[in-house]
Each structure stands twice: as structure tokens, then as C-alpha cells.
Amino acid sequence: MISRAEATQRVLMAKQEKDLSWLQIAEALGRDPVWATAALLGQMKMAPEEAEAAAAALGLYPEVAVALQTDPLKGSLDPTVPVDPLIYRFYEMVQVYGTTLKALIHEMFGDGIMSAIDFEMHIERKADPKGDRVVVTLDGKFLPYRKW
Amino acid sequence: MISRAEATQRVLMAKQEKDLSWLQIAEALGRDPVWATAALLGQMKMAPEEAEAAAAALGLYPEVAVALQTDPLKGSLDPTVPVDPLIYRFYEMVQVYGTTLKALIHEMFGDGIMSAIDFEMHIERKADPKGDRVVVTLDGKFLPYRKW
Amino acid sequence: MISRAEATQRVLMAKQEKDLSWLQIAEALGRDPVWATAALLGQMKMAPEEAEAAAAALGLYPEVAVALQTDPLKGSLDPTVPVDPLIYRFYEMVQVYGTTLKALIHEMFGDGIMSAIDFEMHIERKADPKGDRVVVTLDGKFLPYRKW
Amino acid sequence: MISRAEATQRVLMAKQEKDLSWLQIAEALGRDPVWATAALLGQMKMAPEEAEAAAAALGLYPEVAVALQTDPLKGSLDPTVPVDPLIYRFYEMVQVYGTTLKALIHEMFGDGIMSAIDFEMHIERKADPKGDRVVVTLDGKFLPYRKW
Amino acid sequence: MISRAEATQRVLMAKQEKDLSWLQIAEALGRDPVWATAALLGQMKMAPEEAEAAAAALGLYPEVAVALQTDPLKGSLDPTVPVDPLIYRFYEMVQVYGTTLKALIHEMFGDGIMSAIDFEMHIERKADPKGDRVVVTLDGKFLPYRKW
Amino acid sequence: MISRAEATQRVLMAKQEKDLSWLQIAEALGRDPVWATAALLGQMKMAPEEAEAAAAALGLYPEVAVALQTDPLKGSLDPTVPVDPLIYRFYEMVQVYGTTLKALIHEMFGDGIMSAIDFEMHIERKADPKGDRVVVTLDGKFLPYRKW
Amino acid sequence: MISRAEATQRVLMAKQEKDLSWLQIAEALGRDPVWATAALLGQMKMAPEEAEAAAAALGLYPEVAVALQTDPLKGSLDPTVPVDPLIYRFYEMVQVYGTTLKALIHEMFGDGIMSAIDFEMHIERKADPKGDRVVVTLDGKFLPYRKW
Amino acid sequence: MISRAEATQRVLMAKQEKDLSWLQIAEALGRDPVWATAALLGQMKMAPEEAEAAAAALGLYPEVAVALQTDPLKGSLDPTVPVDPLIYRFYEMVQVYGTTLKALIHEMFGDGIMSAIDFEMHIERKADPKGDRVVVTLDGKFLPYRKW
Amino acid sequence: MISRAEATQRVLMAKQEKDLSWLQIAEALGRDPVWATAALLGQMKMAPEEAEAAAAALGLYPEVAVALQTDPLKGSLDPTVPVDPLIYRFYEMVQVYGTTLKALIHEMFGDGIMSAIDFEMHIERKADPKGDRVVVTLDGKFLPYRKW
Amino acid sequence: MISRAEATQRVLMAKQEKDLSWLQIAEALGRDPVWATAALLGQMKMAPEEAEAAAAALGLYPEVAVALQTDPLKGSLDPTVPVDPLIYRFYEMVQVYGTTLKALIHEMFGDGIMSAIDFEMHIERKADPKGDRVVVTLDGKFLPYRKW
């Protein structure tokens, strides 16, 4: 058996060598690119047929397919506050708009949270003459606080 | 002059006493509720007419309108890792999907980042028979790394 | 308007002066003592009739009842790792049994989490000749990870 | 001699290869699954017969059985605040309900703590038409503060 | 009602004004100086007669006696690692001798801990021609880990 | 030459294989078990004859004896706040009784500290019908602050 | 494939062995020394022809050129606050002049930031009879906050 | 006497009420706007005539002029890693270009540092058709490491 | 009674108003300026006659003299790593020369430490044509580690 | 090429095997023992002849001499607050006397710092009948803050 971290390393190497994009691999899996990339980067558990399709597309040994079906210890960032500028901007959005999200979700839905588990994320490119834009859609079920 | 933090406190009190929603105040300002709430919670600088409209809608003294036009020291969360469950879920999304965002934005756009400055956020309620969903849209300009 | 923290202070003072127990106040509210105590300590949002019943039982001004209906910024512990010995033991349980909980919940339910939102907690005293025992029951909905 | 961390790795590998569940291994040991899993994940010290039964069930070398009898340096989580969403929810419960636990245990038992040493934990699945629930029972002796 | 922290402040002031030593106050209470000082510094809960004796000895109002009977949020040190040199030395002892304590207590008693709850501490002065010595005795019940 | 950390590992392995207790090794050295264990766990510097006696008792190569005579970089705990429950309890004692120790040592000795260098520690088992007790004695020279 | 960190190591070794300066390598790349050094130290993504020119100048295998074209996880400093004195001084400038930069950039440009992405840095030596000076020029696009 | 922090508050209030810019105040002082702003924000010690000119320009009491002549405890940022987006970008530059600065300054000057004390900073606006740019010039004496 | 922190504030104010230097106050006390300044800044406990001389020199009420005789909670720096540039340089010396101090003191004295309690510090100005120098002398008793 | 850390390791091993003291090696280099030890422990850059003399004295390969001439990433302590008791005492001196150093250096020299770059340190043994003393002299150029 290889570890989940080792599986991520082999996926990255094979992707580079086979010169595949994440979108091509996602298509081979029959999944959205965000979910597929998250799973291949060690954040999601794959079903057997998904893991095998991924291993086949990337030309990897069956042991990688086995590892992709294990429950990962989630969390992809080493330091508490991410340092990489692209990732940091998302942390900054939480810093700047965190209380706004809280105020408006409570106003629109009542006391509860937006799930990060029953959750989907999509990334799109929106053409714009002043410079194209990244549009990230976060879509999570509202979960009301239970009372008892 | 009152501080920006004091202005936020007065806004919250007046909103509670006048029983206004964030959406009603945003309408009075002529701005999207996300931007308006962020500004009233001390994260954005208002133009004079916006600050005055906000003060009028909330029945606040002119000194609050003055404070809303100052440059805030941004960042709405006290601890490095937010503790409130609603806000924490957004930090968790960055933890779980941070490397995925990096991989896919680089694949779709090249080396650069998604701006958190030339940036908009929208929050919507999507009806769903299994439980309504929160849909948050993040829309930021792609900024390529300069070479020299 | 008074803040949620101020409301918690007044509740604690009134409880001491009226010599009421948390169980008596919970009964007045018609809620489980755990939920009622958490709400009075600033972690849950009360419905108007609950807040009024609490204020009546404790002999507090209506402004406290108003504050108890606001959305609290949750999180009751100042330092990241709690120092008080009673509270620390629960942190220690997470340290010692965290990976066990992960292994067994994944084995019994698949990939997902135990909700801390659609969640109840109960505390009971179990008589034992070697020394009575505290029994805390955590009861949360299993939420499977969504795939897309 | 191998280290306790190495022993945990070998247990995980053998479990995966033999396709055993934690419940099956616990049965082979004659122990509750929670205790058995905690011990195999490096948090508890096994008696010789337990360690040997575990090694036999998993087909491991005697050196693993020796390691399972050593006193582990307990604590299964790397960062101070756990990042994995399943484990984090338990930390969140301590954050949100920590002062509630303190208030009610003091009210029901007096000044003291709930032991995390003379302590048992059980995990069950409770069927529910709205979605099955995880029920975790924490059962610890009350220890009163000594006076002198 | 006054808070526990406020009670500690008043105790310190009265002690200074009345020029009493901790030992004199402890005697008035009928308790060991260590326990009495810890209780007066906000770490232990007093029985009514102890709190009243303390207030009488120090000439304090009844509200202080009430506060001394509340359950304190224990933990007397602000920073995680104490800075005051006298207190830091005890932290250093844990750093230097922590694994030694673990090795020898496990060897002498088996898997378990030394209780900090069913615990007494004594401080004595030992005359020594090379310079008098502080002798601190820590005396705690051994608690074996429960198996189930 | 091997490092001090490597020497500690070899000592632990040899102790396990030879099935020796810390007390037996301490006797071979002619030192108190606390000092001997601390030295073997990398916290104290041994004299040549002590290091050789230790290596002989454990059947280790001379290079280990050499390493045991080096000045160790002291401090046996990885995280700032120890996580292992046995060791944590000593940190908790400092948290709960730190200001008490400061108040009483100053009262009994004046301004200064209890040395952690000119210091001895002893661990004993005290039989008790309600459960045996661990008694740890800390014995350090009082050092008065110098004035100039 | 080799990792980006491994590529940085090989660049440093080859530079030392071939006794090349950063300026000579930058010239071979046709880029400013700051950008070229940052890219070779793992902070920037190179175009294929740049990576190949760098590998050629340093006499490195093609796999290094491949690695230099990957998207690096940026951030060159291990600890949150840098310890090396040369690097720390830049952190100190942010500490001492951070609010000054904020006050003056807001006054000169309005609400927004100075980009660290659409950004250039230059380093020069300025002769001075009292001791030569380092002149670092930071040149970044002003990005105004978007309103919506 | 008022504290330095209090003086900063009064300066900010007077500046807002008198509607003065930092550049106008700097001119009144006869100093560069960067130095003057840093001094008024509590980071530099003013000479008597500078402090008096500042107080006169802002219409402040003499006690503020006295405070501006005290040695400030420098460091303008509360958290270790700044959160405000404008200030954070400068921290990010140190993260991304820190090792580059080290490599090139060592290559150009030898072993030593760029002083942050014998140091000047200038901020300019550079017009650019694609969007104006902020140009910050850091100018510090090179200090070679002393050998002895 | 006033607190030690309050006493420090009053000392600073009186010193500024009376325009006294630390050296003048130290002379009035009959103590070295380093010790006297440390005591007045809340780090040392004064004898009654010293406290009274200080209060007299500064024209302060007797309550300040009382406070100066209490045992201070030592430690003059708020953050773990000091930010003020003058103080930080001393932290940097520990970072850069810490292992050197350890290596040489062990070589010259054996296993032990340099006391920070039986300790004196002196600060002098040494004229130098290239710029005057600060000479700080640290003078502490060597304390050998006790063996038992 | 070997890394600077690897060079430090080889120096330590050779020193142990050849049974050389730091003072003997310093003499071979023609440098003060403090500077020589700091350089050999990876904190200073050596000139070619110094590095070669060191390698010769220790009997090391030329590659170590090469490494000793590289610019080290300075900072010898892993954790932010050092744990080793000998090194910690120097951190404690900064904690206890930091504001005293600031007050007196400012009084004696004006606004500026004591350089840690244009800096020498010396360590001496002072005989004393009550126990020998360690005398550490810190000698750094005063650097006044520049105004502009």
C-alpha cells in the first residue's frame, strides 16, 4: 500500500509526463474538474471505478488506484495562514468579507451555516475586455442550528 | 471624529432599533447588499453620498457619515483561524480546495492570481426540495504575474 | 441595545442573585438544559418567546431579551487551546481519540462528517459505587461528502 | 524494536491488504472497537495477549506486538487546531459548548472535572428517516478537586 | 455580584493595606497556605464558611465572599509560556524533566497519569549552609487508563 | 560520532531488548533514577565513568558512551504546550498554581527564584487505600535577585 | 520529474561549481537579475526558452528545465517572521512604515492597494562616501477597490 | 503628559477635522512626507521645533508636542502577519522576494545587511496609461558584518 | 494601593514633567542606573528606603513608594518576539550567537548556565572616531547543573 | 557542494574526534573564539584563508572549506522562544531588561539602535570566591535614525 501523499506525488508526476490537463483527467473520470482535481490532490475519497479510471488515464499502477479510495486526512495547506499569493487571496476574502457573509446569510436564512460538505464548487473563465475574470461559485446547503 | 470601529457599533445598534435589514439599507445606498454590508461593517470606504444615505437611513449623526468615508484598517476577524462556525466553513473551503483552486486557475489562466480587490461577491438563495442552498459567487479579475 | 457579551454578564449576575440553577431556567424556557445554557452563555440564538421567558425568569430588562435574539459570534473560549482543566479534558479527548473517531465514523458511514449543527448534546449523572460518572451524549447527523 | 509510529503504519497497511475492518480486529482482541482502534492508532498501551492477538489477526511480525505494549506519547493530531473537517467538528463542539459543559457539570457535581483517563467512549449509528445520526457517548468519572 | 477577577484584585489590595501574610490568612481559613492562596488568587472554589472567614480576615464586603464561592475559570497565566522568571523555572522543569516523569511514572505505576485534581501541593523552606532551598512537594493520585 | 538524539534512540531500543528498568540502569550508574533517566533521555551531561557504566549495562557501542558525555541541547518536549496527558498535567499545575508559587515563595524567601539548575527531583509511590499516589519532590536552591 | 525545491537545490549547486554570479545567469536568460533570481529560487514560472537558457548556462539536465516551468508554491521563508538579519530588516520596514505606506498611498491614490503581482523590483548600488547604499525600488500598479 | 498612542489619536482627529493632507503637514514640518507621516503615526522621535510645528499646523495642545518628542516603542502593526490588504502586499513581497534580496545583496555587497535605520523611503505616483503605478524607493546604507 | 503598572506610568510622567534623567534618579537612589531603571520600569522589587528616595526625587505620592516595594510580575515585552528595532537587535543577538554562547560557556565552565538572577548589567558609551559604540556588559554567576 | 548545515555537522564531528577545543580552532584561524565559533556553527561567512585554515585544523575535506565561505541563512535557534536553559537565560535578560536598555540607550545616545552587525561579543571567566562568573561583553556601534 502507498500513502495518500505518495499517491498525490505520483499523480502529479504522471500528469506532467503524459502532458495531460486536469480537465482531460476529469473527463476520463466523468466528474467535474473541481471535484476530480480535489480528489487527485488528496482531499476526496474516490469510488473504485473512479480511481481505476484515473489510474488508467494517467498510466499508474493499481496501488495508486487503491490509495485513491482511502479516506484522506483532509487539509491541503501547510501553514495556518497560506503564503502562496493565489491561495492567500481566498484567505483574504474570508478576512475582509467574513462578517458580511455571516450577517447576510443569517438575514436570508436564519441561524445556521452554509455546508462545506454538502457543497459544490465551480470555476469558470469570464471574458472581459478589461481583462478576463475568474468566477468561482460556491454552492452549499444551508444547515439550520438544531434546537432541543 | 469617531473611529471606524465605533461607527460599526452605532450602525449595528441603529439597525437593531429601527428593525432594518441589510437589504433595505443597501437599497437606500443604491449598492449591492454584499458591498453595502461590508462597508457598514468597516471593510470598505464609502463615497460621501453613500455615507450620508446610510446615516440618513439609519438615523445616525453626521459624525458616523464622516467615519464611513475613512480608509478602514481592513480585516474583520480577530483570531487567525476564525472560530464562529459559519465563518470557519469558508476557511475550511480554502484548506480543502486551496490547492485545487491553484491547480485549475493556473491551468485555465497561466501564472497569476485571482484579484481580491478588483472583485465582487454575490450571495443568493437557491430553492431546493432537499433543503435550500446558499450560493456565493466570487468574481475577480485574473492578474498575470509581470515579468521584467 | 446591549451586546451579546453584556447580556451574558447580566444573565450570570441575575442567576447568582436569584439563586437559580441552569436547570430551573431551562425548565422556564421549555428547553433542554444544554441548549438553554449554551444560548444564555451566548452561543445560540433564541426565539422571541424563549428570550422573553428567560428574561422573565431572571428578572431582567427587555433589552436583554432583545440581545438574546441576535445571531451570536459563536466560540466560547479565549485561547486556542483551553486552559481551564474541566474544558481542557474535552480538548484532550479530541487529541487522543480524534483519529479513532475518524477511522470508525468513516468505517461505519463512509466519507463524510458528523454534524455539529444538526446536533444535540445531553449531560447526565450516572451513579457508580466507585464514584459517580458524567455521561455526555453527542448526537449529530451524518453528512456525506457531495460529489459532482 | 520498531517505534510506535512505525507500528501504526504497519497496522494500517496490513488492515488495508487483509481488507479487515476495525470492528473485526476489535473482536479478535476482545475489546470495544473504540478502545481497540485507539490502541492500534498509537494512543493506548496493550497487554501482551491483546498485542499478540492484534498481530495475529493482522498477520504482523512479533516486533509489532512488542511495540504495541510500549507507553505511547499520546496525542494524535499534528496541528494545535485540527484541520480535517471530521475531526475539526469535535474541536468546534468544545469551542461552542465548552462553557456550557463547565456550567452544567459544576452545577450537577460541584467543583471538579470529568476524567479523560477513567473514561470510555462509544460510537453508534442511529437510524433516522431524515438521515442517520452518529451518536458518540463520553463516559468519564467525576473527579472532585481535593482540598487540603 | 462582582467577578472572580475583581475579587482577586480586592483581596490583593486588602492584604497589602492590612499588611497580612498569606500564611496568616490561610490560618484564619483553617486551610493549607497553598490551597488558600490558590483559592484567593482565583483558582479554587471556597465553601461558604471559608469564603466568609477570608472576607472577615481581610475586612472585605460580603460580595467578595460570594464571588469566592463561584466556580473560577482556572488558569492563572496570561501567555502560553510564562515570562516571569520564578514561574518560568517550573515550566522549564516540565521541559527538561517531562519525558523523565513519563518514563518513571509509567515504570512505577503502569499506563496512566498523576492527577492534578486529586492533588495537593506543599512548599517548605529547607535550611542549607550553601543557601536555603525551596522544597515543593506535588502529591497526586495515580489514575490508571481505563480499558473497555 | 553519533548525535545525542540518536544516542537516546539506541538507549531506548537496548533497554527494551534487554528488558531492563530505568531503576536497574540507574543503579548500575550509581545515580538517582530521576537524574539517570533524564541523562539517558538526552537532558544531562554524563561524566565518562557514568557514560561507560550506562553503555556497559545496556550493551551499547562506545560511541554511545561518547555521545552521552556531550552537552545536550536541553528541552524534551516538541510542542510548546505538551499534548501527552501525563506530561500535560504538570503544565496544568504550573497554569493553576503558578501565581500561588510566586506569592508564597516571595513571602517566604523574598525577591528571587527557585533554581531549576541547582535542583533535584525525586519520585515516590505512596500507598493509599483509596488508590496509590505519586509524590514528586522538587528541591531547588533559592536564588535572590542581585542588586547593584 | 523533479520537484521545484529539488530544482532550486541543483541550481544552487551548479552556480557554486561553475562559479557563476546571478547577474551572469540573468544575462544568459535575457531578464532582470531580480526576476531571474526569484525564478531560479523557486518563486516564478519560466517560459520554455527561459528555462532552457538557464539550464544551458548552468549545465543542468533537461529535467531541471522542465521543473522551472511548473507553477511554484510561492513563499520563500520558513518561519512567519524571518530570522535571517538581512531579510528581517525588510520585515521591520513593514512593521515600522506599514501604516505610513497605508496613509500615504490612500492619500495619493484613494482606496486600493499596490499590486505585488503586476510588480517589478530593482536593486542598485549607490556609491556614497559615508558608505555605499542599497537602493531597492518597488514598482507596482495601483489597484482600486471595485464597488458594485 | 499624554502617551504616544494618545498623541497619534489626537493627530488623526485634528487632521480629519482640519481637513489637512499628510503632505500639507509634512510641508509645515519641513520634512519628507514619509518621515513626517511615520513620526506622526508614532514611529519616529521629533525634534522640538518639528513637534511644535506639527502641533501648530494641526491646532493641538502643547502636550501633544511634548509627546511627539518621546522615544516611541516602534512597530505599527498589531498581528505578526498584517491582515489589511494594502499592508499585507508588502509582507508578501518579503515572502516571495526575501531570498532573492538576500542572494543579490550578498552578491553585490558581500556579507552584511541593508540598514533599516540609516534608511530613507520615498513614495511616488508614476503615470501609466494601463493604470498609474506606485513606486516605493527603499534606500539604506549597506552595513558589512564586523569580524574580530 | 496602586498596581505596579500604574506605578510605572506615574514614574514616566513625573520624570517627563520634572525633566529628570534616569541617571539622576539612579543617583538619588544610590544604585546603578541599569538596576534603578529596571526597578522603576517594574522589573525589580525595591527596598523601602530606595522606594522612598525614588518617590521623593520624582515628587510622587507615598502609594507609589508602596507599589515599588511589591514583587513585580516580571517581563517587559508584550509580544513573544519584540518588534521595537532597538530591543529586537538583542533578540537577534540571541538568535545568531545563542549556540555560540552555549558552546563556549560549556567549554569554559562545564555543564551549567549563566545566571540571569545573580546577575548585573552595565551600559557604557565608548567613543570611537567611526561612530561611538554602545558597550553592554552582562555579568552573571556560573551555576553548574547539580547531580544526584 | 555540501550545505552549510552539513558543514556544521562535519565540524562538530571532527572537533569531537580530534578532541579540539573551540579556542584551539579559533587560534588556528587567527580569530576571536566567539567569532570563530559563530562562523563554524553556521552564522558567519569565512574568507577563503580562514575557511582553509579551519578545514586544515579539523582535517576536513575541501568541500567543507567551500561551504564555510557561503552566505549562511543566519539564526541558530529552532523555536521562537529558545528552550535550552543556558540559551533561554539570554532571552530572559531581553524580557526583563529590554525596556531598560531602550530607556538608557536613548538617554545616552538619542533615537537610534545598537548595531548587531557592526558588533563584537566577548566571553570571559571572572574568578569569584562565591562562584566564578561569566562576563559577556556586547559591543556594537550606535546607529542614529536618519531623518529626511
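Read from first to last, the chains carry the letters A, B, C, D, E, F, G, H, I and J; within each, the first residue is number 1.
Keep in mind that, in the parts below, a contact is a pair of C-beta atoms (placed from the backbone, for glycine too) under 8 Å apart; a residue touches a chain by one contact, two chains touch by 3 or more.
On a predicted model such as this, the values are computed, not experimentally measured, just so you know.
**Student:** Chains in contact with chain D and with chain G: which ones?
**Tutor:** The shared contacts of chain D and chain G, listed by label, come to A, B.
**Student:** Would you say A-C or A-H is joined by more C-beta pairs in contact?
**Tutor:** Taking the two pairs in turn, the one with more contacts turns out to be A-C.
**Student:** For the homomeric pair chain B and chain H, should the interface be classed as same or different, according to whether the shared residue numbers exceed half of all numbers used?
**Tutor:** different
**Student:** For G-I, which listed pair, A-H, E-F or H-J, repeats its interface with over half of the contact pairs the same?
**Tutor:** When the residue numbers line up for over half the pairs, the pair is A-H.
**Student:** Hey, how far is the Cα centre of chain C from the one of chain D, in Å?
**Tutor:** 23
**Student:** Just give me the whole-number Å value for how far the CA centre of chain F lies from that of chain H.
**Tutor:** Computed value for the inter-centroid distance: 49 Å.
**Student:** Could you put a whole-Å number on the gap between the CA centroids of chain C and chain F?
**Tutor:** Taking the average C-alpha coordinate of chain C and of chain F, the gap between them is 41 Å.
**Student:** Residue numbers in chain F touching 2 or more other chains?
**Tutor:** Expected reply: 34, 73-75, 77, 80-81, 83-86, 92, 95-96, 102-103, 106, 112-113, 115-117, 119, 143.
**Student:** What are all the touching pairs of chains?
**Tutor:** Applying the touch criterion to every chain pair yields A-B, A-C, A-D, A-G, A-H, B-C, B-D, B-G, B-H, C-D, C-E, C-F, D-E, D-F, E-F, E-I, E-J, F-I, F-J, G-H, G-I, G-J, H-I, H-J, I-J.
**Student:** Using the touch definition from the top, list the residues of chain H that touch chain G in their complex.
**Tutor:** 21-23, 33-34, 37-38, 41, 43, 74-77, 80-82, 84-87, 89-109, 112-116, 119, 121, 123, 125-126, 128, 130-143
**Student:** For chain D, which residues count as touching chain E in their complex?
**Tutor:** Interface residues on chain D, with respect to chain E: 31-32, 34-35, 44-45, 71, 73, 102-103, 106, 111-113, 115, 117-120, 143-148.
**Student:** Would you pull the chain F residues touching chain J in the complex into a rising list?
**Tutor:** That would be residues 1, 66, 70, 73-75, 77, 80, 116-117 of chain F.
**Student:** Across the complex, what residues on chain B touch chain C?
**Tutor:** 12-13, 16-17, 79, 81, 83-86
**Student:** Where on chain C is chain F touching in the complex?
**Tutor:** Interface residues on chain C, with respect to chain F: 81, 83, 85, 88, 92, 95-96.
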